[in-house]
């Protein structure tokens, strides 16, 4: 099987994630899109390790998951505080700081 | 290394600055005295040095003091004395105490600070004239901006903030371009001499630049110097600054620091970039001639005393630059004398007019009239300074201007003739100013002007004395700068043109 | 049988001594968590201070003692490179972090306590907030977060492996996201800053990660040395590699705040509590550039001819855009934020030269800038009004009258930013310009010259405001800080002057240690 | 030793000026002693010189090396050259100068600050002596501008009068225009001959290319015009009458204004070498002498009328100097005689003003002889001298000039002859209005004879005015005296001498008659409807109008517009640059929208761009 296909796929997922960040107002969803991008990376890692027959890629994937989890913790904490003060999780409303 | 005279000269004002801030219970002197004495001591040292200076020596520099500073870049803290720098150091050493004495308590509240900045200005001026390491020169060239920046901004007129900003921005603009050129030059040196060096002597003696590089480097440095000097069209910071600054500040700035521009041309551009200098000389001479006339004409139209002086200076800097780029011994030595003469006359003009302006807190010409009735001494001193600045024979200004013009005329006829027209314009701007301010019917403002007191007269009399001395006996300056100029001429490869008709032996 | 299998797995080598700085900071962080868990809150602050400062002290000495020639090695199976630059960066980070820590610890300035929210969980302006404030509570979690961030940075600048790099990045970033949101005053802004920083940061690290993944897929390794070998040996499908490099570059350039990835900088710097801002502008900048240097010099060094032109463009843009926008700022904090952007540009100028002097130049610039900026922010914390810090420039009129000392020191830092000789800023600029010209980027240097001319305007405007204008009624007042802030300011001032007057000391140290291990 | 001649007045001036009011008491006396002293020294030198044979008479004293750049062969000494020509001037200056010092004692007695006046007078004497004693053109230039300064200070002595201040400035500026020529001349000399000393120029000019002598000649002529108020730089002289009358007598009649003539004669070798230059000089002289005479004939202000006459008389000298070797001696001769008779007349005018509350309007004079005996007598002698009645001084000098002019060309001769007639006319007019006609005084005026200190000098000078001609021309003393310096060729006029003399005298007689006939009775106010010639003459023949329309107004326009240009364009560019940048910055900061998603967008786009760019670089 051709590993490139997987890389292409990961690329597509990555792009979807990126576009999600750009398009979705809701902070949670935007954040989920970021997670999607991370997972795209994971896919690429795994593909790589398949291609080269080394374990690094797969270990990397695990690390990424852990980091993602940590990110979730921090991210949700921040988003919730914002939500509690503004009663909305829309990233566009948080635009006091500008120029 | 022999006794580090230059280092001591340089340190004296700095020590003075420190003493200013020692609590009064430890020092017996008032701030005023501390500043004045330290400047006088500096003068003393300079005199001592001048007496030891060997005018016949063939060495480029004397009294060298040198330490490693930033070895990786081959940067040294190198002070050395050439003839020209001795002349300018002398000028600095003479003018500073005069300024301190003349502007005593010019600023009531922040006197300590004022004195501090004046002393720092002096120190930086001394350093820049003594620097024999291009990097050191550059550093001081830039650092110099700070004291003047504060002098203008802290003690100036209503629009002082804007003036200070304009001043420092022009300075920085020039300096940054020079920095780029400086670094470039450094790499040229590295590639060619195999070692990084900023030693002016080494660069001028050993470096062989290809035409293209030399042109650009020359322009980079010239830009900075021309802004500082200032040459048209980069001059507009000077009138604004001079208008806002106090007379003392203006004297330090225009009388001393602006000479760094012309000094740089003479002591750095010519030796290091001889070919480019020759190449650009006609253009520069043209600009200088233009500036001479332009400055004079605009000076005539001014309504403000200080601005008038500023434009007069612009015209005079034109002369200095012209003499430098005439590449004749007469012209170059003329320029050196001109720097001194201009320093003296500028000081005289700004300080005397300063007394007048300070009393009325207004520098508009239309305000005054018939001042001479109330203040004959002030009038007399002003007239002397003014006459020297319009090159009346018998005054230092005349010797300088004549030599510059003759030197230029030897090689560039038309520009010299154009420049000579300035002697007519000079008469107009100076005498018209004099007529409107000092003569004619007495106005209300000028009726209760108080004439100079003894101390003030004492402060200004050295200016008069020196002006007349150098007018009738300029030999000291000539002798001191001769060998350096000759050296520069050989570096540039210029020779003095011979008279068209072989001179008949003088009896 | 089992035995043979076990033999195939090498026992990981792990040089605890050499890694001790990182480990100590990490340990300190964990201790901090325990403190939060078990100590009553009135005791916590003291405990934290003890832990953090001893840790930093220890770590710093560990760095100093081991950074000698024989302390240079690839450790932890080559995933961490403790080479000259690595040590220097670690040392710098620790020093700057120490200064920031002092600002964190400062609680004399604001009558209500330190710079952080009494309870982050309370609603801004809500009842609970008032109570919490009255009870004088403090969000002491900042300390473990702070320690985590530091340990992340220490790892980040020495990471010799894309995965480690990524993990370190997160370890240093995640706490910062939180810290950004913990301001005691102007909490709405602070929280907004946190949100923006978080979302964009996450996005950037995702991009970085994907880049690493692609690199791995292309070269089959995550370790820098092998990556560069892989690049030089392999020849197929450069497109993939190109994308990889670009993505990694973006991830890094985001952290250093280079145009066009800079837009988070002003908002986050402005919103965060000033001590945190100083920490970000100082330490994070150092860390980010440290990482950038290593990745691009070691891993992608073989492709320098490809990415250098782009760095030139980015550098030019960063300098100009940063300086130009800063010109229009009316808020000091925001102005410094943009100034940090443009300074980043100048560092990139040096970075683009990719030579040994270039490394030294960048490091010197980082040191000079980090200390100056920490000093400036520290001074900002002293200039206050009832509502808190007074960062509206126009209100600073005549500050020089009220407090010549503060205004004078501020001028010193401004002059240093403006690159006036005899201050560290000049030494730094001289260094990077020199490096760049030797790298043949004369045009870029001219852009830099123009940019710094523009930049000079707004730095000097601050001086003019403070010294050359009359004070306005009910303008800001200057408070006398405790020993903490005083030390921080003094230290940064001293460094700024020393680096300006006698740079040789530092230059020797650095240029002797400006070689990357690979 | 000769340096003392200059040093004495210079020092006294320095003392009086620098010690200020402390010297008020003895100031004037000190000044008088100073100038008397230098007269005596000059006399002593003169006698010694006479004792020596002609070829040994010139003596050069190098005081010190003034300007020297050996590398460039540039060497100018502060050296004084004492020869027949300069000693003549020294005597004239110090003698007349001293007398006028004494005269001023009385004249300025009512002034608030005579000390400063005397200081300036001394300064003038010193500068003038330096001018005539210098051995090179640059040193001469020092004296040249020095006297300019002194004249500036003295014209503007009553500074509180705006008119005085303006006149002073005008004089200096006009002189500077001349100095422009002199400076260029000196520079040219240096680049051509490598020296500016008279001796080197004289020896070098021989065999120099024609353009050299021509250029130098014209430039020196320009200088002379400025200093000697010759056409076209004449207009300052009449305004200069704002100064105190002794000043007008000494500076603007006897000595300073004749410096131009000295310059031309001193540069004889240059002019001899260039026909064209000489012709130019003659033409200038001719124009000026006629202009001056016409102006003098129309003025009612006695001083201005005399000023016009001065201009005219100097015109004679310049013309004579332009004639070459046949004229130099007579130019100087006329210069000396004129020094006496014009001085005496000015002093007379001063004495009259002194007597009539400084009234200068001749239409309010008349009937003075009975109240002012000496003044009348001396003035009358001066009158006879100037119109050239034998045996008074003017007759000899002017008659020789006429002969020389006639032998040069018919038109030059015609000019001088007609000039003689005009002179006779306007001087007669002056006599009639001032003395002969019956009194038309202002009511509050009670004329009286002036004090001895004023009368004495007038008497002495009038004696000179009467006798000087005979003394100097008797068996050609003066010609032989000056010949070694200026050279002398006997003029061969187309007509026999007697004929010329008769013609001259008859022309003079006609002039006198017309003068008398026209001024039998004089209106108290100047008649309005008069011929355009008179109108023009009253307006100084439109000299000022010309300057204003051609130079002043355009000049002012230029400076004003340049100033605007400097502020608007040059400075405007700088400020504009600032505005431009801040404008950009104001736009650019809008890119910081505050919306996190737009930031994300720029990050993503940036990434895309980066990738694309990298790909392009690789390809």
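Note that the chains are named A, B, C and D in the order they appear, and that numbering of residues resets to 1 at the start of each chain.
Heads up, the rule we're going with is that contacts are C-beta pairs under 8 Å (C-beta built on N, C-alpha and C of every residue); 3 or more make two chains touch, one makes a residue touch a chain.
In this text, all values refer to a predicted model and were calculated from it rather than measured experimentally.
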(request) Please list the single chain whose C-alpha centre lies closest to the global protein C-alpha centre. (result) B
(message) I want to compare two interfaces, A-C and B-D. Which one has more contacting C-beta pairs?
(response) B-D
(request) Mind checking the centre-to-centre distance between chain A and chain C? Centres are C-alpha means, answer in whole Å. (result) 24
(request) Starting from the mean Cα coordinates of chain A and chain B, work out the distance between those two points in Å. (result) 66
(request) Would you kindly tell me how far, in whole Å, the mean C-alpha position of chain D lies from that of chain B? (result) 36
(request) Quick one: report the Å distance separating chain A from chain D, using the average Cα coordinate of each chain. (result) 97
(request) Scan chain B for residues touching two or more other chains and write them down. (result) none
(request) Could you tell me which residues belong to chain A and also touch two or more other chains? (result) 18, 21, 30, 91, 94-99
(message) Going by the contact rule already set, what residues in chain D reach two or more other chains?
(response) 589, 592, 594, 596, 600
(request) Could you run through all the chain pairs that touch each other? (result) A-C, A-D, B-C, B-D, C-D
(request) Could you please specify the touching residues of chain A with respect to chain C in the complex? (result) 3, 7, 10, 14, 17-18, 21, 27, 30-31, 34, 37-38, 40-45, 47-49, 51-52, 54, 56-57, 59-60, 63-64, 67, 70-71, 74-75, 77-79, 81-82, 84-85, 91, 94-99
(request) State the interface residues of chain B toward chain C in the complex, per the touch definition above. (result) 68-73, 138-140, 142-143, 145-146, 149-150, 153-154, 160-161, 164-165, 168-169, 172-173, 176-177, 179-180, 183-184, 186-187
(request) Give every residue of chain C touching chain B within the complex, in rising order. (result) 415, 418-422, 426, 429-430, 433-434, 437-438, 442, 445-446, 449, 452-453, 456-457, 460-461, 463-464, 467-469, 502-504, 507-508, 511
(message) For a test of understanding, state which residues of chain D touch chain A in their complex under the given definition.
(response) 589-590, 592-597, 600-601, 604
(message) Quick check: in the complex, which residue numbers of chain B touch chain D?
(response) 166, 232-233, 235-237, 240, 294, 297-298, 300-302, 328-330, 333, 370, 372-373, 376-377, 380, 387, 392-394, 398-399, 402-403, 405-407, 409-410, 416-417, 420-421, 423-424, 426-428, 431-432, 435, 438-442, 472-475, 478, 482, 485-486, 489, 496-504, 506-507
